[in-house]
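As structure tokens, here come the structures.
Here come two complexes built around chain A, the first alongside chain B, the second alongside chain C.
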Partner chain A sequence: MIPFELAEPRSLKGALKLLDTEDPAVRAFGGCTALMLMMKTGVFQPACLVSLRGVEKKHARVARTRGGLTIGALATLSALEQSAAVRKAAPVITRTLRTLSNVRVRNVATLGGHLAHADPHMDLPPVLIALGAELTAVSLAGERRLAVQDLFTGYYETALAKNELISEVHVPAQDGRRSAYVKCTTRTADDWPTLGIAVALKTDGALIEDARVVVSAATEKPLRMAQAEAVLRGATVTDAVLARAGEAAAAEAELIGDARGSAAYKRELLRVYAARAVKQALAGGGH
Partner chain B sequence: MANIQGKTNAGQASFSSIGRSIPRVEARAKVTGRAEYVHNLRLPGMLYGKVHRSTLAHGRIRSIDTSAARAMPGVYAVYTAADIMKLVPDPHYGPAFHDQPVLAIDKVRHVGEPVALVLAADIHVAEAAAQSIIVDYEELPAVFDEIEAMTSKAVVHEVLKPAGTFPDLKHLKDKRDTNIALDFRLRRGDAQKAFAEADHVFEHTFRTQQVLHVPLEPFVTVADPQPNRLDIHTASQSPSFVRIEIARLLGWPESRVRVRVPYLGGGFGAKLYIKIEALTAIAALLAGRPVKIALTMEEQFYQITKHAATLRIKSAVTRDGKITARECEVWWNGGAYADIGPRVTQKSGFTAPGPYDIDHVAIDSYALYTNLPAAGALRGFGIPQLVWGYESHTDMIARALNIDPLAFRRKNILKNGRPQATGTIMQDAGIEKVLERLAERMQWEKPFDHGQGSIRRGRGMAIGFKASISPTTSVAIVNISADGSVMVYCGTVDMGQGSDTAMAQFAAEALGVPVETVTVVHPDTDVTPYDMATLGSRSTYHMGHAVKLAAEDARDKLMQLAQEVGLSAETAPIPDIFRKKYGMQAGNVVGVGSYIPTYASPDAQGQTTNATPFWMIGATGAEVEVDTETGEFKITRLVNLVDVGRPVNPAIVETQISGATLMQLGFTLYERMDFDAGQCTNASLADYKIPGIRDVPAVMENEAVDMVQQSGPFGAKGVGESGTFGVSPAIASAIDDAVGVRLTGLPLTAEAVYRGLRANAGKPLED
Partner chain C sequence: MTTHRTIEFTLNGRPVSAQVGNHHNLVEVLQDQGLFGARESCAQGLCGCCTVIVDGKAVSGCLTLAPLIDGADVRTVEEPRGEHGLDAVQQAFIETGAFQCGFCTPGFVLMTRQLLDAHPNPSDDEIRHYLSGNLCRCATYPEVIKAVHLAANKRKTAGKD
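Then we have the complex of A and B:
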């Protein structure tokens, strides 16, 4: 690894000042778990890395707000995994974190970095999209709020400007929505998933009033499956409905083949796992 | 204080040190971070070396532009082959062939081959400078596949250059325009006739993929020039070989080269013979400064790998399931440099028909050069590739003939007293015992629940065997100090397998002293005598013998001393003997032991009366659950049985079995080097996935069967590799048993199972 400058600002504002440059070799990091891999392989050679680890502690806070959650972008994945507030408001996040990469990564990786890196294999983006989460992005010019769904614009690409940082993530109250995230890893248990599916269902007895179905890992970015959602919306769940939802997802997703599986195989996985995710959400009780 | 009551008999009923699970002597130092590794070594004035590597699989070097690197502030030197040759006119090395240049000369033969070296006091400067080197190549046609390499027009080496150490390679000297680095042949009986007369003939082809060792400590060497000498500190499994080979390259006597090896963070066969030592040594001599070269995890993918192999196996079988003949053709993809591949080809090749009693056998085993990173020894030395094939074949025959896999094996199993394919009569090989104990633990003869709905269950078994590399030599020195404490000087490298502990146990047992009084001195060729290498599970047997002989020699001398000074050799405490002799706590008694087993070279037909000093046996039983909707499967139970003779240290034996099994599990399920035009596309642990703790099967049982190796030291023999043998075919057979999908290539992936299910259903999945 070629030497680079390491800046450790004490405030978010200080970090934003350092990042207010056109130089693509100046980058911010939270835990640096993902950037480090790119640096080791030479894909990214930084001139200056801006560590966010020394900024105000409030940016790592996890708080319950009106039944939902407000999570500081610098909260580590371990902190979220162990947070009672998260477990109460959105237990699907807690469950997802238990098998996210490994404990060493979770101990240092931050939620903000996890999202901003925009690697489609990350576990939390599809979950947060299914939960209808939003985020606050800040720059020296001010702040704006956008849906997590709208953050991802492509493979490793986001709607964030070069001088913008994620400061908070907002998870709305789920009001009895039932959620699940299932992932399929075809190699080792701690490998990136071959396919991830998150679902959040608003139900009335056996009737699904509303559904969000999000596919990740096999696609260039996490994507809502509109056709599958349409099949589920207003339906009473039967095996036939689940099969149709799976078919719909398999038909509409643009899947990418790689070392973890061919596109054709991932389509079969998606068909099966979409139905399983819905089943698991319904079986899982609240949230 | 102990007196002298050493025991030496293999068949002896009770021991004081052998057979005890003594905690590893280095355990505390390792968990407290105090164990010595070369990675931690920094010497005054030391320079770091960084390698510029080939980006082409096969190409002629037109020019190397090092001007930018040389101009970079902080760069001490930049070397290419031209510089190396100023010191060493013919800088080719290797254990079987002198085919590997210290830095590429005129052409490159694989992506990642070292072309130039930069030295700098700052490792980052060295790295930046190495990246700035520009090499102009003329691209040459390349060959990657081992079968294509047999007849390919692309030739990796213009001329073959056998090292001269192995008699069966001599006929290849100066051969041109071939990629065949060894054509081993074995013929026993008349296979052709038996096939002609057979009731059934079965033929299958199996493939394994290229994988690698990934020791968590990558290759590292420090070379430190001394007045008229050279010190080399290296993470090597074969310090004696490094010394001999460096001395040969430099034209120096061995005594001017010192090779030191502290602990290794894993070896698995990667760190054998000579790897980055020659480059580091020559760079240090050219620079006149200590030089350290430490490869990154990513660079390990270009250093040494495990052979991808293709095995074609054909059997003649009678109506009632007796195998009468077997024909095996094995093609070993050796990559660009032979390393020890030709020995894999022969030493493992002769076991290709498996542990079965077959009268008519024909084996052809080929070591092939290709334009991929070199392949060498990896935990099993080719055996796992062969067992994968012959045990899959065994189950496919059993299934076709509708014979139970256990019954089929029982009918054909190779028993002690019967000749193996080489003609060598089997002795002390627990093949039958391991098979029977596996059947018992698996409750094979009881009904098995095959599951229902979309979850189907299956089970499989596999058994393999291996000969020891022979003949090889180990020498040890045992030194008894005047207080009765003991030093063992031996060249065996403790790379995590617990050899320091085992050698202390051997010495303690032979001397009749407590194991705590024994210290094992790490390899340092200035101090420790010759040892062939720490490889092929040979140390327990060979170095165990040498240490035992040295201890016995010391004990005899001590008894003589006791007699001389008028004390009872049986009852006098050791310090009393020294005190009486020297008037104070003074003096030493030094014993020497040298061991080489008997051996008979094979004839032109591969026949010999004595192929190996001992046999290693390993078997695995697997139970799996397959999800028929996705092809995903999980291993619910893995039972591993081995014959290690008498276990020297049962706790360490168990971790050797489980460690070997889990390593092979990675090669079975996950690991595969992916290539694009010879470029490895997943050369990092982020993309090349090795098993972690969450991949360990829910139930894993490991057992060493009750056996004694009569010729072994205290009845013991090697243990490091046997756990690998049966893993891959047992799992493949369990999948077949569950869902009727037979996979013939590794790794076994969920997608391959799913595709098999779809093919069986007549609805194949598109590519």
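Then we have the complex of A and C:
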């Protein structure tokens, strides 16, 4: 890695001032795990890094709000994993974190960084999209709120402006929706996924009133599968319905291959894992 | 601002000061201090060979920027523990033969201590999940699981050391 300057502002406003530049070699980090990998491989060569670790503690707070959650962007993934509020409001997040990278990475990586990095293999983006989560982005000009699903615009690309930071993530009350995230890893249990799929279902007995189905790790960004959702919406779950939902997802997703599987392989996985995710959500209880 | 700085931190209980580049990582800092227990192996935070305990939490030394440990409490496998310099976890790894070449062992020992602090009586499933980010190329995983159970028992009978 090449030498660079490091700024350690004590406030979010101070960080935003440092980031208010057109220079693409100035970047912020939370835990610096993902950025370290990019710097080590030379993909990113910084002139100046802005550490967010010293800003006000409130930006790492996890709180229950009206049955949902408000999570400060600097909350570490470990803090989320151990949070009773998260387990109560959205236990699918707690379950997902168990195999999200490893303990050491979770101890330092932050939710904001996890989202802003926008690698489509990340585990929480599809889960947060399925849960209908939103985020607050701040800049010196003010703040705006957008759906997590609208954050991602492409591989490593987000809707955030150069001078914007994610400050909070908002998970709405789930009102009995049942959710699951399943992933297929081809090396270790905590490996980067070959395919990730999150579902959130609103059910009335065996009837699925509404469904959100989100695919990740096999597409250039986490994406909702509108056709698969349409198959599930208003249906009573049978093996035939699950098979049709899997077929629909496999047909509509624009899949891309990577080191962990070809596009053709991922298409077969998607066909199978879509049904598994729905089954797991239905079996998983109230959330 | 400059690209290098002096940092001060506590290393295995003793205060130290070091000249570091902002782009250096914690493993390099430790090597400059003459400590080689934390090794950079995969360089991606996946293998656990570079595990270091910073302010009570396990981190990957290879992913930790040196300037960020300014003021921190840093502990490595070299920290003397127990009566003969070895704690219950190290004793258990020796008694069960939970290594062959030993390259990954410092990371496994440090992670096992963290695991047992959080879960004094872990199930096989908890052990596998907690240590999933530690790779042993000699594949001593079955012995590692035995070692963790043995260490848990040793801690219970002797009291945590």
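Simple rule for what comes next: the second predicted complex is superposed on the first by the 287 of 287 C-alpha atoms of A that agree within 3 Å, B and C clash if a C-alpha of one lies under 4 Å from a C-alpha of the other, contacts with A are read in each partner's own complex, and residues count from 1 in each chain.
In this section, a contact is a pair of C-beta atoms (placed from the backbone, for glycine too) under 8 Å apart; a residue touches a chain by one contact, two chains touch by 3 or more.
Predicted model only: the values in this text are computed from it and were never measured.
A.B. asks: After lining both complexes up on chain A, report clash or fit for chain B versus chain C.
C.D. replies: On the shared chain A, the partners clash.
A.B. asks: Which of the two partners, first being chain B and second being chain C, lies in contact with A:Thr186: first, second, both, or neither?
C.D. replies: The answer is first: A:Thr186 touches chain B but not chain C.
A.B. asks: Looking at A:Pro3 after the superposition, I want to know if it touches chain B, chain C, both of them or none. Which is it: first, second, both, neither?
C.D. replies: A:Pro3 contacts both chain B and chain C.
A.B. asks: Scan A:Gly261 for contacts with chain B and chain C and give back first, second, both or neither.
C.D. replies: Touch status of A:Gly261: first partner only.
A.B. asks: Contacts for A:Ala248 in the overlay, against chain B (first) and chain C (second): which applies, first, second, both or neither?
C.D. replies: The answer is neither, since A:Ala248 touches no partner chain.
A.B. asks: In the superposed arrangement, does A:Ala133 touch chain B (first), chain C (second), both or neither?
C.D. replies: The answer is neither, since A:Ala133 touches no partner chain.
A.B. asks: Quick one: is A:Leu49 in contact with chain B, with chain C, with both, or with neither? Answer first, second, both or neither.
C.D. replies: In the superposed model, A:Leu49 contacts chain C only, not chain B.
A.B. asks: Scan A:Leu269 for contacts with chain B and chain C and give back first, second, both or neither.
C.D. replies: first
A.B. asks: Let me test your reading of the model: by the given contact rule, A:Cys32 touches which partner, first (chain B), second (chain C), both or neither?
C.D. replies: second
A.B. asks: Name the chain, either chain B or chain C, that contacts more residues of chain A.
C.D. replies: Partner touching more chain A residues in the overlay: C.
A.B. asks: Which parts of chain A are in contact with chain B and also with chain C?
C.D. replies: On chain A, the overlap between the chain B and chain C contacts is residues 1-3, 37, 40, 102, 188-190.
A.B. asks: Okay, in this complex, where on chain A does chain C touch?
C.D. replies: Going through chain A, the ones touching chain C are 1-7, 32-33, 36-37, 39-40, 48-49, 51, 53, 78, 98-99, 101-105, 107-108, 188-190.
A.B. asks: Using the touch definition up top, name the residues of chain C that touch chain A in the complex.
C.D. replies: Within the complex, chain C touches chain A at residues 1-4, 21-23, 25, 43-46, 48, 51, 57-60, 62-65, 67-68, 111, 114, 128-130, 132-135.
A.B. asks: Can you name the residues of chain A that touch chain B in the complex?
C.D. replies: 1-3, 37, 40-41, 102, 184, 186-191, 259, 261-262, 264-265, 268-269, 272-273
A.B. asks: How about chain B: which of its residues touch chain A in the complex?
C.D. replies: My answer: residues 124, 127-128, 296, 298, 629-630, 632, 669-670, 674, 682, 684, 686-687, 689-692, 694-695, 749-751, 754-755, 765-767.
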